[in-house]
Amino acid sequence: MANPVNERARLLSNDPVGPRLYLMRLETPIIAKTTRPGQFVHLQIPAADAHILRRPFCVYARDAEAGTIDVLYQVVGEGTRLLAKATPAVVDATGGMSVLGPLGNSWAAVDEAQSGSGLHVLLVGGGVGAAPLYLLAEDLIDAGCAVDVVLGAQTEDALVTRERFAALLGREPACATDDGSYGRPGFCTTLSQEALDAGCSVDGAPFDRVCVCGPDPLMKIVAAQAHEAHVPCEVSTERRMACGIGACLSCVVETTDGLKRSCADGPIFDAEKVVW
Amino acid sequence: MAENTDSRAHIRETSVSLAVNLGGLPMKNPVTDASGTFAAGREFSAFVDVAELGAVTTKGVSLNGWQGNAAPRIAETPSGMLNSIGLQNPGVAHLMADELPWLKSQGATAIVNVSGHSFDEYVQVIEALEDADAVGAYEVNISCPNVDEGGMTIGTDPASVQKVVGACRRATKRPLIVKLTPNVTDVAEIARAAVSAGADALSLINTVLGMAVDAERRRPQLARVVGGLSGPCVKPIALRQVWEVHNAVDVPLLGMGGISSGIDAIEFMLCGATAVAVGTANFVCPTATVDVANGIIDYCERQGVSDVAELIGGLQC
Amino acid sequence: MAENTDSRAHIRETSVSLAVNLGGLPMKNPVTDASGTFAAGREFSAFVDVAELGAVTTKGVSLNGWQGNAAPRIAETPSGMLNSIGLQNPGVAHLMADELPWLKSQGATAIVNVSGHSFDEYVQVIEALEDADAVGAYEVNISCPNVDEGGMTIGTDPASVQKVVGACRRATKRPLIVKLTPNVTDVAEIARAAVSAGADALSLINTVLGMAVDAERRRPQLARVVGGLSGPCVKPIALRQVWEVHNAVDVPLLGMGGISSGIDAIEFMLCGATAVAVGTANFVCPTATVDVANGIIDYCERQGVSDVAELIGGLQC
Amino acid sequence: MANPVNERARLLSNDPVGPRLYLMRLETPIIAKTTRPGQFVHLQIPAADAHILRRPFCVYARDAEAGTIDVLYQVVGEGTRLLAKATPAVVDATGGMSVLGPLGNSWAAVDEAQSGSGLHVLLVGGGVGAAPLYLLAEDLIDAGCAVDVVLGAQTEDALVTRERFAALLGREPACATDDGSYGRPGFCTTLSQEALDAGCSVDGAPFDRVCVCGPDPLMKIVAAQAHEAHVPCEVSTERRMACGIGACLSCVVETTDGLKRSCADGPIFDAEKVVW
């Protein structure tokens, strides 16, 4: 892994893209070059000095040449509410936004794909958890994998990653919405189960890997489905983080190997090892 | 994490004399980290060269290690945070096998923060560490709940403080720093108890007991309900206690609580601190320790202070 | 200051039942101001209609008035402030001649905050106030230094607390609220002492002892060096103490410390407060009391709470 | 006095105008209409949630028609440093700046000028203390007074109110600079003494009033000079303020009538009553 750095980033854009969803583009030349799929950045909320903790977000997309990264985020609390208000002018006026990264490990699937060949990988993303799977899909396809994507969201307009995935895959990802406004009505775990049952949509071969990112309950169900199907599965954990670099032990994940730090030993863990 | 010296922050050259002596521990400058916020420094080595710090204070260590508390373990509060890590640590053997040798290889001075759930455990941890040559001083954290005394925090009762400090004192000739809890009616009384039992220096403050609530879900934000408050919000409390203790005892003080700039550090020194520790600020910015040291240098140069030690207790009132 | 009803903030209509009873004092909603931050309400009457509040808590009053401390009396701190006003007040006669009649004319409920430098002075202030019909309850501030006991803060010693509360109890049948200081090792112990001596309700927290330094001039920021910390920064400490006291005694609690929004107020109620007081937030925004009340209504409506009293102590842990 | 209001102001401009000096224009229609000379506004520092206290500033100029006020301020600490960084875009993005005002009393000289006639008034402003005298000068001149102005500053480029005063008076104000870079070298108390000795520059008549604003030591000296010359003198006090509306007793001024609140009983006091 590349050393993390603390970049003073310009905010290039920060726009609403769905219900409580925002897409932010940051100018972080070093992080844009060095981030691997699944890694995250730890952001300081701009112009909010009472909010001292950084906020962790996965990198959704990166453009090494332009030196930018994209973050897709949902407004859930005070910090993300303030983040959504940040404008390029505000961030410029406050001397840029402090972005620590790239942090954390990456999906083992990428290493495996690069050493082995022609893996069949199923990606399952719930809600905003779809974002970190995009970089993964890119790298897996580059490495010659066959990739199927299952996305779940509450409503159609929350399925904001669908088009990027469709463009990358050259076909529609399988989608489910809670309210049935798009794709299969209900939870996306039905789709992940069907995919595991049917095999890869490209050639019908059984999957070699499942990678999931989303709310804990979703990841737990998909991990169980993968276990059932004897397919190795990785999950991306989310814990409250202070340091983000492995020093404070705020972000522990219980695993069969003991307590692990989500920020430094993860966020990606072998699903078999996570004690849910 | 591989070295990447180019991007690290460094303490800059200065003609200001920065060395201080903390109860027998010589420090090349007055800045260390606050225990538990810096691990044993390795995680920060992409950002700072730990050998440049006055010392590296390691995370609290117990005899055989503790699991710590359930998650969530932290919450943000206005200008601060709560933590209930619960002193998770892998035990003193791991520290000696893994962290101390690394610190030594870096050329860093180590202050080892010692915790225990009984008077005996403190002593046993120190006894184990007496075999390690890379220990510059002990910092005894008396904010731990004591099973010998029904779970009460040792550091809130002068008699218990005397007992544990006395026992630690007999176990070592190394500089013994005792870390006080702020959650007491009269910190000066506790300070006097610690000094009378043989403390060479005192450090303060540990975290302030606090709580945070998730109103929407009607639940505490921390799994353990109550946690320790730290960060800029506690600085006024910390300065007051450092000042009170400075006026009550004659040993040097290691001041901490919300320090995030050189000016913050100077404030503590003026109130009587010989050295300062940077805690929560490391989470805000991983170069905080070095930034604080450079800020101290800026202040001294601007004010024409040739020796930082001149500032200790220099408050005019 | 003339009335200008149009520009004032108002507590909005709601079907949520907002009334609570604070140890015998009926309040139309759970919101009052914190003593000393609102005078007797008149200065805020261009911004809020004081009659809409659950009660107006007046600034601490002593028998013959006090001069207060030298200036500077305040300093800003991260997410908070320090004050050393020193309970400046013109004495109880002025309160009765001037403030209480005005509050009565507005239709406001008054909680009179009582201070004293001796056990007797508290009693004498209450005795004087027994003649005033516009007093809904007393709030006895036991954070004052007591000359009877060598200047020690009464509120830090259970025996002194029992003594002063007992004396006040014998002087009145009106609801007696005792206001606790947070600067103690064990607030539950003090709370039990106050209740055993006859307190009908407890209020907490008073300010936390703190200090601020002007590094450039090497002087304390407050003329009196040490002052009381308040504002959002102390909220975690206040919530923790309200929770501890709620678990220790059976009387209703008036919670305060850093409340600036309806959500903050709900957090205190979930921890066990029956009512809440808004202090420092009045300086941030002069409509803060009304804003907090409206925020409580918003929360109840959103969460389907039909009676705000359901929330008291409703924390799930 | 008009009732104070809490206006959410747009920041129209905020520009450096001298050494550590900034001129800010705020859109506050009500305050612009109701402010009297000597009154102040209490501002929330934008985009700085850890700085909870407001900061008091005198109104330098007002335009009732445009609905704007000007504030001239000096960067002295953290709050003013952050204020100087505020841009119209930042303030717009955070929903406007909270401005409480108009607060405090006004110069008795104005009432007196409006009831009497043809008063001779000497205004003495030290440093940024010159700003609040500008509105006063306007109102006094409107009321038919003869007004002389003495200004002091550290350097020429800190004499930022000079031109506005010159335009208003139709002649140069008397100026002194500490470093001698403009006008009389040294402190402006030499000039105020000379003015008191010589009488009003318009017609040589003795002054009926002195109004001073500046650092306490300056006000103390000028008050003594006025006392010596038997001319009534008013001073504008500056104290640390929390509420700004008379409730908290943070801002007390010791007077011969006891402790007074600078924010509500002042900031303007009869110099004879102030215990320096």
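Which chain is which? They are A, B, C and D, in the order written, and residues in each are numbered from 1.
Note that a contact is a pair of C-beta atoms (placed from the backbone, for glycine too) under 8 Å apart; a residue touches a chain by one contact, two chains touch by 3 or more.
Keep in mind it's a predicted model, so treat the numbers as computed, not measured.
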Where chain A and chain B overlap in contact partners, by chain label: C, D
Pair joined by the larger number of C-beta contacts - C-D, B-D: C-D
Chain centre separation (chain B, chain C; CA means) in Å: 35
Separation of chain B from chain D, taking each centre as the mean of its C-alpha atoms, in whole Å: 47
Centroid distance [mean C-alpha coordinates] between chain D and chain A, Å: 56
Overlap residues in chain B, where contacts from two or more other chains coincide: 78-80, 231-232
Where chain D touches two or more other chains, by residue: 49-51
Chain-level touch network, classified as line, ring, star, complete or other: complete
Chain D to chain C touching residues, read off their complex: 1, 3-6, 44, 49-54, 79, 98, 100, 239-252, 259, 264
Chain A residues touching chain C - in the complex, by the definition given at the top: 49-50
Touching residues on chain A, where the partner in the complex is chain D: 47-51, 85-87, 89-90, 93-94
Contact footprint of chain C on chain B as seen in their complex: 77-80, 82, 156, 183-186, 208-213, 215-216, 218-220, 225-226, 229, 231-237, 239-240, 243, 258, 263, 266-267, 270-271, 299, 303, 314-317
Partner chain A, residues of chain C touching it in the complex: 78-79, 232
